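Shared chain: chain A. Partners: chain B in the first complex, chain C in the second.
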Partner chain A sequence: MAALPRRIIKETQRLMQEPVPGISAVPSETNARYFHVIVTGPEDSPFEGGLFKLELFLPEDYPMSAPKVRFITKIYHPNIDRLGRICLDILKDKWSPALQIRTVLLSIQALLSAPNPDDPLANDVAELWKVNEGEAIRNAKEWTRRYAMDN
Partner chain B sequence: MGVCWCKDKISDEEPPYATSSAGSGIGSVGTELRPRIPEVVDTFIVDRLVLEMLTLIASFVDNDEESPVSLVKLHVIADKEDGWIQVVSSMVNVIPLEDPFGPSAITILFDDCPLPSKESVIRVTELFELSSQRANTGDLNVRVERNICVVLGCIAEKLAGPNSVAVLTDKTLDYLLTFLITRREACIVLFALIALEKFAHTTENKLTIKSRLEQEQVNPLLILEELADSDDYMWRQVGFCAKWTLDNLFIVEGRELSYEKVDMSEINVILNSHDVSEYLKISCNGLEARCDSYSFESVRCTFQVDDGCWYYESVIITPGVMQIGWATKNSHFLNHEGYGIGDDLYSLSYDGCRKLVWHKARASAVTEVAAWRPGDVLGCLIDFPSREVIFSLNGKRLQTCHEIFETTRCGFFAAASFMAFQQCLFNFGSEPFKYPPVDRPFSIFNEHGHLTDEEKKVVPRRVYLEQLRCSSVKEDSCTLCFDDTACCVLEPCGHRGFCSVCTSQLKECPMCRAGILNVRREVT
Partner chain C sequence: MNVDKQEQDCAVCLQKCHHPTQLPCGHIFCFLCVKGVAIQNKKCAMCRAAIPSDYLDHPILLEKLSPQQSTIGTISEDYQWYYEGRNGWWKYDERSNDELEMAFNAGEANCSLLLAGALYSVDFQSMIQVRRSDPTRRRHVRRDVPTLPAKGIAGIKTFDNRQTEPTKTNTENDSNEVEVISNHSESEVIVIDDEEENDVAPNVSAHSNSSIEIINVFSTINLADPESPDDLLTNEDT
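Coming up: the complex of A and B.
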């Protein structure tokens, strides 16, 4: 592979040594730019009790461009679409090379605590979230139970 | 390269099921498509869609085209749990053995569908009734078993952790291992091996598989790796993958790693294992490469040519999509976006599967030859004085290409990109050429290249990553890349801690997003 930047090595070491509470990010054994991520659903959110699997990939020009992250576990959330793609500004135009894998994952965890139906990616979910929040939250809980609580 | 439209075409703002009418003959896809798909779709219809998709992938070459309708429909069907199971069963049943796109098509579809719940995955594997008996049965349906192995590999790639462990039951493992031990049909053995490799991404599975392999009298992989030089191209792939897994995943105590024992004395130019996208597998002699990932993997060779006339050959091992040719260092390997050699200004390639010459991500069709077959030899010639690139297949010349010289005059490397499950063998001149050009004198890479003993080592990625992790970082290094010394101060905000290379790429301060009016260098 293209020589692995020290930045990635260093971030990986720190993720292993001081993991973020509620988040596990493990690099693939054969590809140091690909991480298997598991985020636990935040307390007091409809996602509580769920374990959400994500994939995170560091592109060639990381950290000049943002990591590519997507949910692999299905999730009912106005800012996450059916293919698991996430609508989050720091993954797009608000990316800064000073941000890191851990800050990105923390932001995603925060997005689970605070869905933002006014900036939707999954339109039908956002619509319901706006007109009937109670039902949307029930759906989110149901999806969490069905797809994110395996064992 | 026109096959990874799934990612290119579906922008974040436009989910596939919400795009406006993409009517193109077969039926229109609109926002209202979803309600029109009934809960249970006829098996016959799903089968037809899968076959349609195969044909479409073969003909889909324009990166700006919309996703094929049948693919969108399959996505919609697979979005429901039952539908997903139906699509998977259908792929297993109908995808023909001979179709060079078959296995890659399965990976593409899997990659673009939302992952179903663990229950559905387990239901699918139960549906297959996997067992060693099934793998041992007298009248093996080669097509179905091959496709099941491909599907298992895809599932393993997508599921890691406890779910992957749950799918790799004793019976699943028995089923896959039986193929490795009985060695009946090369194409099944190959995909059974790849599936095991993907299951082994989860450490618990890796240990289980490794101990099962060790329980055999002779580790079956040790027998299979002997086939790496076979002239039977299907078995050769099996040998290649067995060797790779022995070097990278299922380490056998006492077995020397391949790179430690390979004779490199006559080889002076190889594929550059430091100039390759992440998932490409390179043989221990640096001359053979293979991709088993769903991404579009690329590599350049170690030797640069700037003038004169040069020629190399590659033996096609698999008949699928590879784009082989020439690229400068300016050509980026955007493997996850589906861009490779021939997809920018700085590279030119031939894809003999679809018979297309690629440059600037545009394809021009070739009529002089048939689609390439395993064993065919692709010749790649670059002639700087006459500004020509000439591809040939088994000595038969294709149309001369000039266009690349309009923008790029020097700095070329032999280079290639690979779709999933494709493999080819390069000859940079360490062996006699099969079809050397006869109309002009040419130079041979291997006679001009030089590599140190260290550079000749194609170290397994596992070992290489381990070496890297042990390296340390200096105190005053750049806080962005940690590679160079931090020496720049951004003005007017005053944030520091960045090297000049990183600073040159910044538009605003990474810390406070203030605009950068000036960069001051600190003397240390």
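Coming up: the complex of A and C.
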């Protein structure tokens, strides 16, 4: 019943009209604040070739507070935990209302290119990433092949 | 993408700046967007520069707000929406007025408004505005001719010589209104009112034709209002 703030309508229209390469975000038919997201794994990353599903939800006080974003597809990444929760500053204390769905998803895609094991969310993954990066990257590629390529 | 057109838009609401307001860092947003950002994020949305805690006491408004200014919207020439404040009624900003008018004319039961970062719902049957995150915060609203005596628009107060001052019941009621001088027109005095929503008095008719009668009732309620100016800094509202 609640009408959608103009800003959300505008963002949604722009996402449809000028989609970000490698990212798709489609609002749910039943809830215009809930988006089905697909992010393609960046080139030259262990996630290349994968299609990663995420869910994005705009809380009531958006854009004063950040969207809630979570990976649905399993991913082997030091800053993303088993539940798909993402450790990214702009989703937390560095959020700004001038950021948008588009910029958030671009940042998440960039996070896939630049894992940061020094600020871990998945501790075991981060640990391996630090002590044996080669093996960690092999794991990430294997998970990408297993979980992000069969859809 | 049209960059020029984008740059005119407020980065918070993605619409044309309404009552453009400048932060100390130089970035410009709508007045209501600045208000939301100053209360909730306390940082500039563009550069993250800290917004001084007393900024809303003397915001820098870049456009004159003429007393005659009422509604600019195309569909709201005939009616203006008002919300109750202490000792009087505030006009909704032009954009919210358009949205209310559009929803009302479409026969909808209510209308959602995003005001200073908080979501509100205006119920057209009871003519009450409720904050979605805190339903105890409510105000009466009314739809009336644009020429009713009003305190100002969306918390920006204009002094108008033709207009009588709001009824004052005691000096305490004025403690939440702080005078500010716009740096672009020295003669212009604007008062920002950060008053809270009042509890809606059950014995007041929302459809009363007499604004004076309602004003008097709410003046009485205000006497018992325990709010102090300090509380308002952390607990403000549109």
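The rule we apply is simple: the second predicted complex is superposed on the first by the 149 of 151 C-alpha atoms of A that agree within 3 Å, B and C clash if a C-alpha of one lies under 4 Å from a C-alpha of the other, contacts with A are read in each partner's own complex, and residues count from 1 in each chain.
Note that in this section a residue touches a chain if its C-beta (ideal position, glycine included) is under 8 Å from a C-beta of that chain, and two chains touch if they have at least 3 such contacts.
None of the values given here were measured: they were computed from a predicted structure.
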item	value
Residue contacts on chain A - larger count, chain B or chain C	B
Touching partner for A:Arg6 - first (chain B), second (chain C), both, neither	both
First (chain B), second (chain C), both or neither touched by A:Ser96	both
Partner chain in contact with A:Ala32 - chain B first, chain C second, else both or neither	first
Partner chain(s) touched by A:Glu18 [first = chain B, second = chain C, both, neither]	second
Partner chain in contact with A:Met64 - chain B first, chain C second, else both or neither	both
Residues on chain A lying within both footprints (that of chain B and that of chain C)	1-7, 10, 60, 63-64, 96-98
Chain B contact footprint on chain A (complex, rising order)	1-7, 9-10, 12-13, 28-34, 36, 38, 53, 57, 59-60, 63-64, 68, 72-74, 81-85, 87, 92, 96-98, 121-123, 146-147, 150-151
Chain C partner contacts - residues on chain A that touch it in the complex	1-7, 10-11, 18, 60-61, 63-65, 94-98
Of all residues in chain C, those that touch chain A in their complex	1, 11-15, 33, 36-37, 40-41, 43, 45-46, 48, 95, 99, 103, 109-112, 114, 117-119, 121, 132-133
Contact footprint of chain A on chain B as seen in their complex	10, 12, 15, 17-18, 79, 112, 114-115, 117-118, 158, 160-163, 166, 201, 248-249, 273-279, 332-334, 336, 461-462, 464-465, 468-469, 471, 473, 477, 479-483, 502, 505-506, 508, 510-511, 513
